[in-house]
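Before we start, here is the structure in question, set down as structure tokens.
Labels for the chains are A, B, C, D, E and F, by order of writing; each one numbers its residues from 1.
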Amino acid sequence: MMDTWLILSLAVLSLSILGCMYRLLKGPSISDRIAALDTIGIVLLAMITIVCAWLRTTTYMDIVLLIGILTFIGTIAFARYLERGEVL
Amino acid sequence: METIQAFGEHALGLFILIGAIICAISTFGLIRLPDVYLRSHAATKSATLGVLIILSGSFFYFMFYLDHISAKILLGIVFVFLTSPVAGHLNGRAAYRTGVPLWKESVQDELKQVREHIREDA
Amino acid sequence: MALQILLNFILAFVWMFLNNEWSVVQFIVGFLVGLICLMLLRRFWTYEFYLYRVWALMKLFLLFNKELLHSSLVVLKQILQPKLAIQPGIFAYETELKSDWEITLLACLICLTPGTLTLDVSDDNRTLYIHAMDIQDADLLSRQIKCTFEKAIMEVTRT
Amino acid sequence: MSLLHMAILLPFLYAAALTVMRKPSLRFHTGWIILPIPVLLFVYFISCMASVQAGEELSGSIPWIPSLNIRFTVFLDGLGLLFSLLISGIGSLVVLYSIYYLDRKKEALRNFYVYLLLFMGAMLGVVLADNLIILYGFWEITSISSFLLIAFWHNREKSRYGALKSMLITVLGGLAMLAGFVLFYIMTGTFSLREIINNAGSVNDHTLFLPALVLILLGAFTKSAQFPFHIWLPDAMEAPTPVSAYLHSATMVKAGLYLVARFSPVFAGEALWFWLISVCGIVTLIYGSFQALKQTDLKAILAFSTISQLGLIMSLLGLGSAAAFYTDGSDSVFYAKATMAAIFHLINHAVFKGALFMVVGIVDHETGTRDIRKLGGLLSIMPITFTIAVIGTFSMAGLPPFNGFLSKEMFFTAVLGITELDRFDSQTLLRLFPVLAWVASVFTFGYSMMVVFRTFTGRPQFEQLEKKPHEAPIGLLLSPVVLAALAVVFGLFPNLLSYTLIEPAMAAIHPALLLPGDRFYVSIHMWHGWTPELFMTMGVAVAGMLIYKLHPRLSVLHEPLFRRVSLNLTYDAGIKLLHQGSLRMTNRYMTGSLRHYVIYIFVFLILSLGWGLYHYGAISVNMDRFAPVSLYEIVINLVLILSVIAIPFVNSRMKAIILTGAAGYMVTLFFVIFRAPDLALTQMIVETVSVALFLLCFYHLPKLEKEQTKPRTRIVKLAISAGVGVIMTLVALSASGSKLFESISDYYLRNSYVLAGGKNVVNVILVDFRGFDTMLEIVVLGIASLGVYALIRLNLASDRPEAVRKLDFANRLNKDRLPSNDVILRTVSKVAIFIILVFAVYLFFTGHHHPGGGFIGALMTAAALILLTMAFGMATIREVIPWDFKRLTAVGLLIAILTGAGSFLFDAPFLSHSFGYFNLPLLGKTELATAVLFDLGVYLTVIGITMTIILTIGRDK
Amino acid sequence: MNNLLVLPLLLPLCTAVILLFLKQYLVIQRWVSTVSVLMNIAIAGIIVMQVRSAGIHVLHIGGWMPPYGIVFVADMLSALLVLTTSVVSAFCLFFAFGTIGVERERYYFYPLFQFLLVGIYGSFLTGDLFNLFVCFEVMLISSYALIVLGGTRRQLRETLKYMLINILSSSLFVAAVAYLYGVVGTLNMADLSLKVAEAGQSGVLNVIALLFMIVFALKAGLFLFFWLPGSYSAPPSAVAALFAALLTKVGIYALIRTFTLIFHSNPEVTHSWLMGMAIATMILGAIGTVAYHDIRQIINYNVVVSVGLIIMGLAVSSEEGLEGAVFYLMHDMLAKALLFLLGGLIIQVAGTADLRQMGGMIRRYPLMGAMVFITALAIAGIPPFSGFAGKLLLIQAGLREGYFGLTAVALGSSLIVLYSLIRIFMQAFWGEEKPLQEQSPMLNRKLIMPSVGLSLLVIGMGLGSEAVYNLVADAGSTLILPMQYVDAVLKE
Amino acid sequence: MELYMSMSVGVLFMVGVYLILSKSLLRIILGTSLLTHGVHLLLLTMSRLKTGAAPLLGEGANSYVDPLPQALILTSIVISFGVTSLFFVLAYQAYRKLGTDNMDLLRGKEDE
């Protein structure tokens, strides 16, 4: 019965990823895209957590953290690149 | 006991679903709101809330129903807490500095004069 | 304060050593024992017992959660309203906070609460430029922040 | 190593010594130190004469590639001796002549003599070799040395032209000949000439026999300048005259004749052989003699004369092969007389033509021209030269009492005799032979007279000459005098040659006609009575004189034979076509356009694999064992397919990159679904980094333009890509539908923990079972980082770019570039960095049992370092981590390698790992594995690489 | 177990890593590189001798038995190619000392050089199909780095194409490995041989064989050679020589290996494709050799022609043909290296690659001229130089098996090749002397010595063909009977 | 499942090839990365899909999926990562120096 909730949540989250994709592709400013990308990352992180709960395994938990880290670093990198034209 | 367990499961499931719905609504804001700063409000932070709810729900689910205290989820929560404001801040700043305009119905911009002032000094 | 924490840890290890049992349980027990000792003799220290700070931190956390929930609902409501009835804008916020940690904490909390976003920090760390979603009264907003977050932070960081 | 070997190798060794030696002094002519060689050789071969005459055969053998039946086997029989004497004898005279002909101060004498010695040795090799491959080798060397000699004065355009032409044609023939030899080898299993000859007749029915015949003849005809391959010879006259005398009249051009004579025992009796040789020879004879009439350059006349004389000898060899049609002795002997004539004329031609070339050389040398229109009246000034010329030309024209007369008579006998041949239906054709022979002789007479009388008699016109003519110095006259004398001697006493040379040579050509121990009884006489031949000769003289007299007025002689098509023009056009055509053709498909190349490749792929699938009925989709599908998998599939298909349609760079990234993340999802956590982790990081790199590297590129393509191009693109997609799908389906064997992977699942001590099987495969792959994989990464570093840092100054595009993205968007206060980022990073680092170390250590491992751990570590750099700047990272990351890479690689090589110490195979469980203080029972050490190497390497790449790119501003 | 087999790879690998620590010390870098290549010649020599005396050698890396672990296998073919590679690489290295320039040296030329060798040796020695892919990648990525090292415009442009084509072919390679694994479930080449033979090489296996053919043909420059002429004219000549001598040969080796060991049961299919491609390669290559006045293009197309010639031996697939292929392969490695070194010298001396602007160099550079001439003869297969025995074997095989057209093309192409190279000699060395860039009367000895050494080898290999042939015959007999290889690897 | 996976592989190859046939360097590079994805999915498809748990023995499952293709894919991912990074940087430098990203303009006849 938990599975029903989880799959329902997954479906809702997929919808929100679609929404983010719209903003990602639409823009218009680069900051918009970065924000969208950031959101995608975080939602993805949530999705994988739910998948873990659904599969009843912690095997993919590393990915959760990984996505968190990558999203963070990615967003910072893009923002800095946008602001200064360089990352480092 | 079993009823409690079943109830708890439903409660956690609902909790997680609420998180997901919050995420969905923020994404809707991401589509709907008129300028990048406003979208930033909606998206990044509301989504953060939703995700945090989902993560904690999962954490408790693992803890109570799968007998596993997932330190990784906790760490994930901490990390999201820690980093998402920074990301939002930097992105907003970058947007502002690269000249992304505010929504035409914005009422005030106190940063504008300051920056122009600094520019003149420089 | 750091010294107190360190001492607490050392006491936990001493406890384990005395019990000759190296396990998590013993560590926790030892830590609690040390904590109690420290608390009992808290007047012995020149500055206050570190649990107060921990308590303040908890308070800050709860406050933040409250604000987070509250303003999230506000923003979600705005989003779902058929017509946008908001007046966004950027206002400058003078803070009394000094250290990097304090400023960062404040800025992050502001960022995390929906409806406000720290856009920039002045070079002297004294002014935060905040984008707000609905800026009916900038002073009111400033005062709100000052009373809630800034105060709570000060309770954590200052005596 | 026999003396014969020595004889062949001597010139080569001498040439090598000459090359290595210091430059010979200018005080005496280099020729003097060369001269002893041919003389010595001549003496040696003369000394062999007696034993050869007695029917003995000198031979010797050195193994070269015995496993391939290639032995440096040489033998000396009558035919070989005849040629060896020609080579060494004429060689001696030519060297002597060249000493006076070539100026020791102006010419590159050393080169000249080296080439000449090379030729001499090679030519001896050709005529003495028993092994066909050795023969072929020397054959090619003669072509090459001829090439070098023709172009001796390589400043002249015409020399180079002639050299190249001669080489192309003769090497072409050589290659054909080689193919013929190989065919023989395939038929007989031997390369030995003598074995082939001894077993002659055994392979005549083989299907390869006639092809071999034609191929070998092709070699002979090109070398001996037979029509239509003769065109190189006139141009070869650009060589210094001694070379023309030696190579292009006396010896090298006769190699073809040698080959035909040599193979006569094998091929004689084949109608094709008879016809090809006889007809080709007679055509060459008449064509050459006619062309000679039309020339004005003395050397050109002699060149065409040589062509025609070679044709004469060739046709005689062909006629002589008719002997093999008969088993009856007398008939055979009757036709074999043609062979005798051929041999005799071969000697005679060498003698008088050698003399004539030398005469022309003298005239050229003394007057500075060879044009008969400018010459005349030299008789009074150069009486000795004139005498030699008279002897030579009269001999060539076939006048008594010179040697040419005798062989010409014998030629007439042969052509008359062949009309009696009743083997073929084509009697008419055979009757043409005497007619053609007579006409050609008339022409020969005509040009012979021209050579001598146009030059030496008539009105002197010295004022047209470049220098004032004198009689040649005695040294220059020595050689032609000897040759002229021989022409007379052989004319008067032909039987000097009969027993010594001609009989043994004939024995070599017609071994079947002789009983063991028997010999041909050759006797040549001046007077045979009033025979038809004599009348023919008289007719030749009359008609020839007429032609000579009428020559200036015969306009036909001054017109090109064929105005439109001539063989030379064909050759030139051929070469031109070769260049232009190949340029046009190559440029047509080698466009330099990557797209075209890719199109070729994929079209080929579609065609070949499509053909394969169709031809083998390989499309057998067996779905029984396919895994079940669930809805969400289909959804992911759809999302993947949709995002991929959308990519070509978007026209913004950003969108294209993002869609590609989306596809990458979908692949990550597949990895999750299909139970591949390690893959998911890795793909996730790699995809992110790739997307980031993409954006970094491509942001400054111009706006993605909509591809302006014609509909046709688009259809082609679409067809090709769809083809590839369909093919890959079909093969995938048939491959997964036709699993023939169980995979080996059960072994890993069973043994990963037991034998390698790890529970994450993928990781164990990576660091242990297939650790070698991983070692090389990090090497690949290491090289990539070096490449990136060098690519960005090293820009050779010689190549200043004109179109450097600045990365002025920041300037474009943010004109003010005001300083920013990064306090928030910095403060948070202080915490985040350590979280990431700890996570990285965790991933590294847990990798052997859980998802993770050195590679992922390292990328996480690098992520932490990047965050550090972004938050605190380059200076900080240089301060915090003061080492060079390229060195870190090296250290990591070294650790990995040394871990592998450590097994050498235990005498175990490279990269053997061991593990064990140890009780450690604090940690308790702990597993220690060398695999972890190896993984540490991976970890360090990957950190080093990632940081090198990122810092290099980051600093490139 | 015979750890010796991994040394040819390990030594350059260690050398490269050590060189990374010596970035600033160019002199030491040179010495270390020299010692390394010389040692590798010795190691390769020992391997050849061991294989000669004791047959095929196998090393189970990590101690894992095949088909589960990766094996290194040295049969005579591998051993000979390793030996030839080590020799050629030494000469190219010595040439690089004088020509490559301090800048490139400082930016990791020597480590990259050694890394390239790692990939090449690995490709020759590995007995595992996927490991072959990995070794290829090591080789390729080093080649990318080497080809672009210096970053001139031409280099950048051509490297783009070179890299892209190779990325394509690498993708196809992995796809082919995937298909094969999907069908037979193993990666060890000996095991593959056994299983493919057991399955009768039918149906989809033939298609997979064709895919492998395409992949390796791309690497070898067999018919799909379009990338080659451009890429090889971009880098400095020491690198181009290395590429011409070694890189395509690895592709050829892979073709020979896969089609004699794995896909040999159905020769009328695969081998007729190979034959068609060989013919096309020889014809197109020969046409290319005479199309241009640019020395680089001429010698590049020469590389193409020889690929066709070697594959002819594989296509004929008789023992004689394979022997010819191996023999000619070894010769071609030496001769192409020599040709490219000489080409480089000419271009350096003349300051241009355009033949029309050269002339009369024989006066100042007679030795160079002589070497160019000898190289031309050797490449055209004129005895007694190194190319002859191989060509003879190829022709014999072609004629014996009745492939007359193929043989005719081979012979014709060697004539054109001779013509194209003699043209270089004639136009650059003969004729009126034209202004040269280098005015020194004698070239620096450092520059000319490697070419001299290689020339002597080309002559020596020709004269000593018997000794070489004995080794080659060993290789041929193993290739024609793949069970020897399979037994050596799988039965321990 | 193999059917759908094969189709996905086919689509990845198709679009990858289509992009590689473009003029723009960016599209070409995107094409190669699609090709790489296709190849990796292909390798994955060639293992027995979903026949067991992830190959982590600690999980104690009854059966596991084929670990070997995973290891191969991992190696291939890492290698393509290295190659791709070099390629990016090359493209970047090439654009800076050659001034175009249109491969049709980089035929190489212009400076010969």
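Everything below uses one rule, namely that a residue touches a chain if its C-beta (ideal position, glycine included) is under 8 Å from a C-beta of that chain, and two chains touch if they have at least 3 such contacts.
Note that the coordinates shown come from a computational prediction; the quantities given were computed from them, not determined experimentally.
Asker: For chain A and chain C, which third chains touch each of them?
Answerer: The shared contacts of chain A and chain C, listed by label, come to B, D.
Asker: Quick one: which chains contact chain B and chain E both?
Answerer: D
Asker: Starting from the Cα centroid of chain D, hunt down the chain whose centroid lies farthest away.
Answerer: Computed centres place C farthest from chain D.
Asker: Name the most central chain, where centre means the mean of Cα atoms.
Answerer: Minimum centroid-to-centroid distance belongs to E.
Asker: Could you see whether B-D or D-E has the larger number of C-beta contact pairs?
Answerer: Result of the comparison of B-D and D-E: D-E.
Asker: Average the CA atoms of each chain to get its centre, and name the chain whose centre is farthest from that of chain F.
Answerer: Greatest centre separation from chain F goes to chain C.
Asker: Based only on mean CA positions, could you tell me how far chain D sits from chain F in angstrom?
Answerer: Comparing mean C-alpha positions, chain F is 41 Å from chain D.
Asker: For chain C and chain F, what's the span in angstrom between their mean Cα positions?
Answerer: 46
Asker: Between chain E and chain F, what's the gap in Å when you average each chain's C-alpha atoms?
Answerer: The mean C-alpha positions of chain E and chain F differ by 28 Å.
Asker: Roughly how far is chain A from chain B, going centre to centre by Cα mean, in whole Å?
Answerer: Averaging C-alpha atoms per chain gives centres 11 Å apart.
Asker: Hunt down the residues of chain F that sit against at least two other chains at once, touch-wise.
Answerer: Touching at least two other chains: 20, 25, 28, 38, 40, 42, 45-46, 54, 56, 68, 75, 79, 82-83, 86, 90-91, 93, 97-98, 103, 106, 108.
Asker: Which residue numbers or ranges of chain A touch two or more of the other chains?
Answerer: Only 30, 59, 62, 65, 69, 72, 76, 78, 80, 82-83 qualify.
Asker: Chain D: which residues touch two or more other chains?
Answerer: 592, 594, 598, 677, 728, 732, 735-736, 743-745, 748, 769-770, 773, 777, 780, 783-784, 787, 791, 795, 799, 801, 813-814, 820, 824-825, 828, 832, 839, 850-851
Asker: Write out all the pairs of touching chains, ordered by chain label.
Answerer: A-B, A-D, A-F, B-C, B-D, C-D, D-E, D-F, E-F
Asker: Applying the document's contact rule, which stretches of chain E touch chain F when the two form their complex?
Answerer: That would be residues 130, 133-134, 137, 140-141, 144-145, 148, 151, 153-154, 156-161, 163-164, 167-168, 170-171, 174-175, 177-179, 181-182, 187, 230, 294 of chain E.
Asker: Can you tell me which positions in chain B touch chain C when the two form their complex?
Answerer: 22, 25-26, 28-29, 32-35, 37-38, 40-42, 45-46, 48-49, 81-82, 84-86, 88-89, 92-93, 96, 102-103, 105-112, 114
Asker: Quick check: in the complex, which residue numbers of chain C touch chain D?
Answerer: Going through chain C, the ones touching chain D are 22, 100-101, 103-104, 107-108, 118, 120-123, 125.
Asker: Name, in rising order, each residue of chain F that touches chain E in their complex.
Answerer: Contact set of chain F toward chain E: 20, 25, 28, 32, 35-36, 38-40, 42-43, 45-46, 68-69, 72, 75-76, 79-80, 82-83, 86-87, 90-91, 93-94, 97-98, 103, 106, 108, 111-112.
Asker: Per the contact definition, I'd like the list of chain B residues that touch chain A in the complex.
Answerer: 6, 9-10, 12-14, 16-17, 19-21, 23-24, 26-28, 30-31, 36, 39-40, 43-44, 47-48, 50-51, 54-55, 58, 61-62, 65-66, 68, 70, 72-73, 75-76, 79-80, 83-84, 86-88, 90-95, 97-98, 100
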